[in-house]
Structure formats: structure tokens, C-alpha cells
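Shared between the two complexes below is subunit A, which pairs with subunit B and subunit C, respectively.
== the complex of A and B ==
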């Protein structure tokens, strides 16, 4: 059998990797490259011609104050959501690995929000904020109370709360895996050497779980930066566009206002910001990793 | 001895406190779902007057369900979601495992190296960067939107890199080359060896990929909403969004629609809970 000829290799490659390559090229690579080309045109989404405009879309994106306001809002939202998600997830993971009764039940329970799509979750919480919270607040104060979702600061708060609730269970599973990977011998050795349990946690367990932290931070940052589904169903950018996140702004710019070139340019900038933050975080995180 | 007993007692106490804290947190976690469940059996007026009561003043009612099912076209939407999720998951597994096999076993071929690095690098690209060109190419130039098959193939295309990466790791670390060599000596071709030896051994990874991708496809909103514009093709998330847009004032119906949208996956979770939690953990830690 001729195993070194080009035609043999090509046949083997196409037989096994052909379908995957075609689908991957068609949905990811080609659109990605073509998307760059679109940022240099002023396409309106309907006409056959895509007039070439050079860097105009990028200058327009730089001057689009609504876009930068959305980016800033997304940064604030991500900062709070990422910190709270990871704090809660770590706390939950610690509790459900401490050997208490029913820990598997709790693990499964905290994961439930991740089973359901952002659109449905957003509407469920919209009901909770608009009806249940309002009913409780009115019972306490005795007067009429507006929903948190109808105030400018409140909508952001709601969005952060729902995201924390949504992602905590997922990140918890990663931290649980991290806790399980730290061997009990090391913890016991630290305790015998005179560490208090909290010192053992701080000086032995947490440093060994560094890769879990890096991974959870990466996942939560990259997810928060492009949040869309919950944003759409929970607040839809209201009130007064005070909760429009970057992804929603990009969507509206392209599909609602039909500025496809500008929308795509703004999407590319969002991608670059997201990638830079994600890669920097992983780089810093990996640098200090330790082994047992 | 007394010290030991004291320590044990202290440990029991801390465990009890932790357990109570966890239980309270758990109740807070599922409270939104419980609220939907208690309100779905009330009339619109009862929900508005007191959303927190277990039973409405006008009593227990189940009439929200049939009406929401009819208006949402539930069985049609459910079938669409099921067809799309099932086909896309099966296809993703088939094409990615095959690609991973040829990549691992021929790591020196340039085509393999290029494909694999491109796939790994592409995992950081958010969907927002691809949606405009996708609509432009598939909606404008090729005009193939509004077909289930287009959505299925796009789903596969987006998940193939992650799945290939996971199968790559599994083949690399768990499948001994000697097994394959024995099959070649016994007269198997590469194609036969793959299907008879390698693919069956990948079962644990297949389960992980199936769980992660099926959940992602079932719940995805943005891509299906761009591809499927015709009402009879809607999936559950799109139908929920459309339903809310039309009937948001009829809160009883909204409750029923939301519960219907959540029920299929919650029922599945009751039975497959252990596998889902394990699969998601495996996928997250490897990815």
C-alpha cells in the first residue's frame, strides 16, 4: 500500500476530516474573514452592491457615543457579575464538597438555572421583579412601589443579579472539580503542621486551585462581555436605553438600523476588547500556577 | 478522648449550620421557578392581585395550559426543537470524532496541523462577530435561510471545533495505538478500524459532547432567530419570545408558556441528572 503519496493522504484527510472542515470553514472561517471585508463597506443589508468606504466605519464607531456608553456599561456589569459569580460559586463549591448530607442533591439543584435558556430565564425573572418583588415591597411600605426594572440603576442591578444566579451553578461545578483535585493528604499535612483550617485553605488549597480560578474567570468574563439573551428578555435595553449592553447595541446597529458595515466594525472592536482581556487574564493567571 | 468528642461535636454543629445555609440558598435559587409554578394555576386577576398566594381567590385552574399550548403552537415548536437538537448533536459527534481521529494519528500532516490550530484559535470568536457576515452570505448570496437543515449545519459548524478539541484529547490520551495496529494486521482498513475499534471506545467523550451540545442547541436563541423567520419553523426559545411579545399582558398564559418552555429539559434532568452534572463538569474542565 502506498502510504506516502499525496493522493493517499488527501483521500484519508478528506474521508475523515472533510465534513468537519467544510462545515467549520463555511460557518466560522469564511464569515470571519468576510466580516472583516464588510467593515470596509457601507452595506445596507438589502442592495446587491456593497460600496467600499475604507476606514469610515471604524471612525464612525469611534465617534458613536451610544456604542461606547454600552461598552462602559458592559464593563461595569461584567466587573460586578464576574466577582459575584466567582465568589458565590467558590462558596457553594466549598459547602458541597465538605462532606455534608445531600451534597449531590445540592450540586444538582444549584445547576438548574443553567439548563434553561437565557430568554426563558429573563422572562421568569421579569415576572419576579415586576410582580413578586413589587407585591412584597408594597406589603411592607403600604404604598405603591415601582418595579426595579423601571428605574435606571435598578435595571442594571437586576441584570447583574440574574447573571450571578444563572452562572454560579456552572462555575460551582468547575470549583468542585478543583476542590476534589487537591489531595486530602496535603490538607492533613498542613493541619498536622499546625495550620488552622482557614490557613490551610488560604495557603494550600487555594493556590493549588489556581487553574480553576483562571478557567472560571475566563469563562465568566467572556460570557458576560457578550451577554445578549437575558438582556433582551429581561430589560430589552429599557428604561431609556440605560441597560443596552454592547452585544445588543451591535445587534441593533446592524439589524434594526440596517448599518451592517458599522455594526460589524463595532462587533470586531468588541471582539478585540474581549480577546485582549481574556488572553491577558489567562496569561497572568497561568504565570503564577503551582504544582503540588 | 474528651477532646475528640468535643471536636466531633463541633464538626457536627458546623455541618448543621452549613446545611441550613445551603438549604436557604437552595430555596432562593429555585424560588423563581416555584413562583411560576404556583401562579400557573391561577387566573389572570388572581396573579395580579396577589402573585405570592399559593392558591388564588378564584381557586385552582388549569385552563392556562391548553390555551397557551394552542397559542404557542407548542407541539409543533417542540418537534422543531427536538429535530434540530437531535440532528445537530448526532452530526457534530460524527464529524468531529472522525476529524479528531485523523488529526491525532497524522499529527505531522500540514493539513491536520493547520485545521486543528485554526479550530483551537476560533474558539475565542464570539458569535456577534459572525452574525452579520452569516446573514449576508446565507441570507443574501445563497438565500438558504428559513430551512431547518441550514440551522442544523450552522449549529454543527459552530460546535465542531470545541467537539474536535475534546475528541482530540480523548483519542490522544485513552486509545492505545497498539489496538489499531492489531486491527490493521488482522486486515482492517483504516475506515473499518475507526468504526469498529476507535469510535466505540470514545463513548464517555461522546456522552459529554452530546450533553453539552444538545443543551446549547436546545437553548440557543440568537442564531435560530436569525435563520428561522417562518413561524412554522420556530424553536422553543424563539416561540417563547414571540409569545411574550404578543400576550405579555395575559400573565396567566405567560406563566403557562414559560413553564411549558422549561418542562422538557427539567423532566429530562430528573432522570439524567447525574450524567448531565458529570458531563458538564468533564466538558468544562477539559475545555
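== the complex of A and C ==
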């Protein structure tokens, strides 16, 4: 059979990548373009008419102080969550590749939180924060202790804590792969040349794992920026709408407050912010990558 | 071998695709409607009252068998507007949709069938009309007030509880003090949910004004002085009593609705602001027999402390688009008539679903005690009507402000200021 013809290549492509491409086109590209069009209308989400209003929604989004407060909150949340997730994941990966007893068991254990869906996880932790922690704290202090979730700072703290708990195991797997990819010869050579173990880690292992860092940072930043499920089930924006993240604000704006066009415009702005941060980070990260 | 693995790969790819596709459609839970092969008309009903979903499904099955009309009932945990938006976007509307009053106003003109000619219109005072045409069929009546546990009160005072002694705030305070002295540490509970605080309690501040529309307009124009408004202060005085005697006083914002209602049901607390829909939560616990609802106590003599606030809640409308055939529209109308005039339909609303009927021709007794209270006030004409024209973000933004007040993070003047600021920035709902 001639393997160089267009039809052969097309057939091969359609066979392997066809289903995924069609799904990607239908569920991502088309809605994206159509959604972009909707940002220029004042559609309420259900009416038959979609009046064209030009850039009005973008001006309104710029003036929506609750939206920018939510973005700012999301940035703070992401900053803490990303740093903690990656620090913890790196440490865990080091721990489970150092050859301790039962390390496969630990790997599985740390990864499991990631297998629980965000909604379930949020409800489980809500119970822990509202009941278990409160009961323990009251037993210790003897007085009534308000739940962490009922204070503005506390709710943020809870969100960060739960996200770290959820994502650290997943990022750990990527770091584990990174550790395993660094050849032992190089580490040994460094040790023989007189490096202390921590110098070897800093000057040999970590630079060679740079691609793992780039990947983990990218994944954790983009995930944190569009966090919704944990936000919904753990705090639902409470107390006093002080834990409404960007994605939740967008959802409320579009569906609950029925300003679909405005909500969609805010979603597009969120997408642009996410994309700029993600691409910049990958660009900077990739630039300094080294090979052994 | 090679051939096998190719087949296997194709099968896997197919399976994955199917999985993704199945995932797309799994947000609705189709109910067990009647056998869909009967060949007759088929109608779909969207139910937005989660607590009656099981009853709806059972009713649909029976109705399908008896009337030869296939009825399928769907439920979604999304907000009504969000869910219907997706259905309309995909040109696949329900024949009958159960929505909240405000949704009828926003949807009726474009999507609802004119029901002005139906028989039931004359038997209810709660139907919703827009521009002189009736669009909304009231499913039931719901009202708000203070829920009390009479058994818990009697256990301490030794006397049968008479709600009329608690009409005024002074009377209410005296009883609370008596309960505390008798050993009930915290006689009240407060729900911290924004819909309860803003859409239900704060709403009474507007609804009990002499002219609600004028008051809302003055708020919007910035002329209303909420902090010095008598009604606002009167209701907030009562709220302070509820708040200061609440079992969750120290952590009001993390109080869970279920816990509060369980305490009320079991008599650990005696009062809570709520509505007859709370029965669906209360009856999950070991509840006391003698419970009921009374108006929010206020030191006033204008009669507002003798009425519950409420009216029609949840409305059916029939889709008017070409996606619904004339046969389906007729079958939907028949179904609504069945609910009002057929004994089976009446008993479905009142007995199976434990709802308070919105139709004067239905005389069945309401079984649950809260519903019975509401029925009594309805029959006496003692209901202050709901105000149905709040902007969609009212409950959320004003609810957040109210939560701050509940958590003692702002005082009454600050709270009033936030409400005033909210109203100045809105687009009023036209009606």
C-alpha cells in the first residue's frame, strides 16, 4: 500500500486522532468562538433575542469592582497555593524516591486525595473544619470556638489548605518522574568530586529536573486560577462573599444574575490573564533548561 | 496478533469517546416515566422542588398508565434559570416547567403559553399574569414566619403555648426570658444562608411597607432613609432578639441549616425564622408533634404582626414554542386541570407532596403542622404578598451584608448603608 498519499495519511490521522479532534472541535473550539461572540451581546442567557451591544460588556467588566476583587483574591490564593503545592510535592517526591521502606504505599497514599472529586472533597473538609476541628479546639480551650470557615481569613486559609492537600500528590508524581530521570551516575560523580549531598541536589539534580518544575508550575497555576469546585462545596463564597474566586464570580454573573454577556466577557478576560501568566512562565522556564 | 491489537485500539478509542459523550448528557436524571412505546402524546415536566421529586416520579408513572399520556419528570440541582437556559439554547424545552415567580416574569413573554382561558384561573388568587395574560400556574402556597416548637415551650412553662401572646416583641422577649430561666440555654436559632437572611427576612422590610413599589423606587433613587425607617428598625429589633438568644451566637456564620432544624425539631431550641418548606428538613428528624408558624413578633399595631408573608410559590408554565406540538400543549393543560379538579391530582399535591394548595376548591387537610398553619392564615386572608421583582443578585449581595451583621462585623447603620448602596446601583426589574 502507498503510504505517502494524502488519503492514507488522512485515514491514519482520522483513525487515531479523529475522535479526539472531533470532540475537541465540538466541545472546546466551537463553544469558545461562539462564547466570544456572545460577549458582544447583552443576552440574559435564556431570551430568544441577543441584542448586539459592541464592547459594552467589556467596559462593564472593567468597572465591576466585585469581579476585580475576586481576581485579586484568586491571585493571592494562587500565589500561596502554588508555592505550597510545589514545595510540598517536591519534598514528598524526594521522600518517596529516597528508598525508604514501603515507598510505593506512600506514593499511592499521597496521590489518593487527587482521585476524590473536588466537590466531594470540599464537603468532606467542610465537615472536618466545622465539626471535627471545632470539637477538638473546644475540648482543649473549654470555651466556644468559631469555625475557621466563618472568618474571612480563615476561609481563605481553608481553601488553600484543601487545594494543597488535593494537588500535592498529583504534582508529586511528576516530580517523582523527574527524580527518576536524573541518572544516578551524575549524582555519584558529583559526590565523588566532593559535593555534599545537598550541593549535589542543588547543582545537579534540581537543574536537570527543570522541565518537571515548569510542568508542575504551569499545571498548578492554571488550575488554581480557575478553581471552582472546591470553592463551591467548601465555602460557596461565604462568609459575606469574601471567598468568591474569579470563576465563581463569572458563573454567578452569567447564570445566577442573568448577565450572560457580561459573565462571558469576564470569563474571556480571566482566560487572557491565565494564558498570559501560563505562557510567560513556561517561556521563562523553558529558556533555562539544561541537558546533562 | 497485529490485527487483534488494531481492533483492540479501535475498540478502546470508541469506548473512550462513548465515555466522553455519555459524560456530556449525564446532568439530567430522567425519571421512570411510563412505557414510552404507548404511541400517545409524551410530555416532559421540569421539577425544581427537590423534596417532591420521588412523589413526582411516582405520580408520572401512574398518570401515564391511566391517561395514556407519557409523562417524564426531570430534576436539576442547577438554579432554575441556568438549567432552563441550557434547555432553550438547545431547542429542547420542557413541555411544563416549574419555576419561581420571578422566572415567570422574565420568561413568560417569550416562552410561555397564554393560560387565561383555563378553568382554574377563577379558583386561585395566586396565578401570575403579565400584561393581562395568565402565564403562571401556582403549584402551592408557601409563607414565612417564625417556626415554633410548642412542646418544647410547654415542657418549660407548663402551659400550652399560645402564639398570640407573642405578637409583640415585648411578649416574645418575656417568653424567651422565661424559657432561659427555665433552663433552655438558647431558645432560638438563626439560619445564616443568604437566601434566608436577604430573600426572606430582609424582604419583609420591603414587603411590609405601605406601598412596596414606591419604597423600592425611593431606595433606588436614594431617597429612602433605611436606618431611620420604622419597619426596618422594628424587624431588626426582632432579629437582634433572635440573634442574641441563638444557640450558635458565637459562631453564627458556621451554623448549619440541618443542625439548626434538628435542634428545633427535637425541642432543644424553640424558635427559628423560616417557612413551611422547612418541614422537609424537620421531618427527617425525631420531631415534636406540636409545631407551627406564627408571624414575626413586632411592637406595632398596624396588623403586620398578625400576618405571615407569602403566597404562590413555584409556578408551572407551558412552553409556547414550536418545539412543543399542539397535542402536547393540550396534554399539558389537561395535566394542570387534573391537579386542580381531579381527586387524585388534589391528593397528590396535598397528601403525597404535603404542599399547601393554592386553589380554593381544594379542601383536603394539610398534614404537616407548618403547612397547616400556613393554610389557616391563607384561609383567613392573613398573608402579606411576596414581592417578586427583586433583581437576581439581591439575595447574594444583600445576603452578604446581612451575614456581616449577623456575625457582628457591622452595626445596624452600616448594614442599612450597604443595602441602600446596593439599591442605588441596580437596574430595576420592570413590571
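What we mean here is this: the second predicted complex is superposed on the first by the 269 of 292 C-alpha atoms of A that agree within 3 Å, B and C clash if a C-alpha of one lies under 4 Å from a C-alpha of the other, contacts with A are read in each partner's own complex, and residues count from 1 in each chain.
In the analysis below, contacts are C-beta pairs under 8 Å (C-beta built on N, C-alpha and C of every residue); 3 or more make two chains touch, one makes a residue touch a chain.
Fair warning: this is a prediction, and the values are worked out from it, not measured in the lab.
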### Task
Consider subunit A as the common anchor and indicate whether subunit B and subunit C clash or fit when overlaid.
clash
### Query
Looking at the overlay, does A:70 come into contact with subunit B only (first), subunit C only (second), both, or neither?
neither
### Query
Looking at the overlay, does A:23 come into contact with subunit B only (first), subunit C only (second), both, or neither?
both
### Query
Who wins on subunit A residues touched, subunit B or subunit C?
B
### Message
With both complexes superposed on chain A, which partner does A:252 reach: first (subunit B), second (subunit C), both or neither?
### Response
second
### Message
Once chain A of both complexes is superposed, is A:85 in touch with subunit B (first), subunit C (second), both, or neither?
### Response
neither
### Message
Looking at A:116 after the superposition, I want to know if it touches subunit B, subunit C, both of them or none. Which is it: first, second, both, neither?
### Response
first
### Query
Regarding the shared-chain residue A:241, is it in contact with subunit B (first), subunit C (second), both, or neither?
second
### Message
For A:15, using the defined touch cut-off, is the partner it touches subunit B, subunit C, both, or neither? Pick first, second, both or neither.
### Response
both
### Query
So which subunit B segment collides with subunit C once the two are superposed: 57-65, 147-155 or 273-281?
147-155
### Common interface positions of subunit A, toward subunit B and toward subunit C
15-16, 19, 23, 27, 45, 255, 260
### Task
Give every residue of subunit A touching subunit B within the complex, in rising order.
9, 12-13, 15-17, 19-21, 23-24, 26-32, 34-35, 38, 43, 45, 92, 95-96, 98-102, 104, 106-120, 123-125, 127-128, 131-132, 135-136, 165, 169-170, 173-174, 176-177, 215, 219, 222, 225-226, 228-229, 232-233, 247, 250-251, 254-255, 260, 263-264, 267-268, 270-271, 274-275, 278-279
### Task
Can you check the complex and tell me which residues of subunit A touch subunit C?
15-16, 19, 23, 27, 44-48, 130, 134, 144-147, 149-151, 237-242, 252, 255-258, 260
### Query
Along subunit C, where are the residues that touch subunit A in the complex?
10, 13-14, 16-17, 20-21, 24, 78-79, 81-82, 84-85, 88-89, 106-107, 110-111, 192, 194, 250-254, 256, 391-393, 396-397, 400-401, 403-404, 407, 409
#### Entry: For the subunit B and subunit A complex, residues of the former touching the latter
15, 18-19, 21-22, 25-26, 29-33, 35-36, 39, 47-48, 50-52, 94-96, 98-99, 101-103, 106, 109, 111-112, 115, 118-119, 122, 124-137, 140, 153-154, 156-158, 160-161, 164, 190-191, 194, 215, 218-222, 236-237, 240-241, 244, 251, 254-255, 258, 261-262, 265-266, 269, 273-274, 276-277, 280-281, 284-285
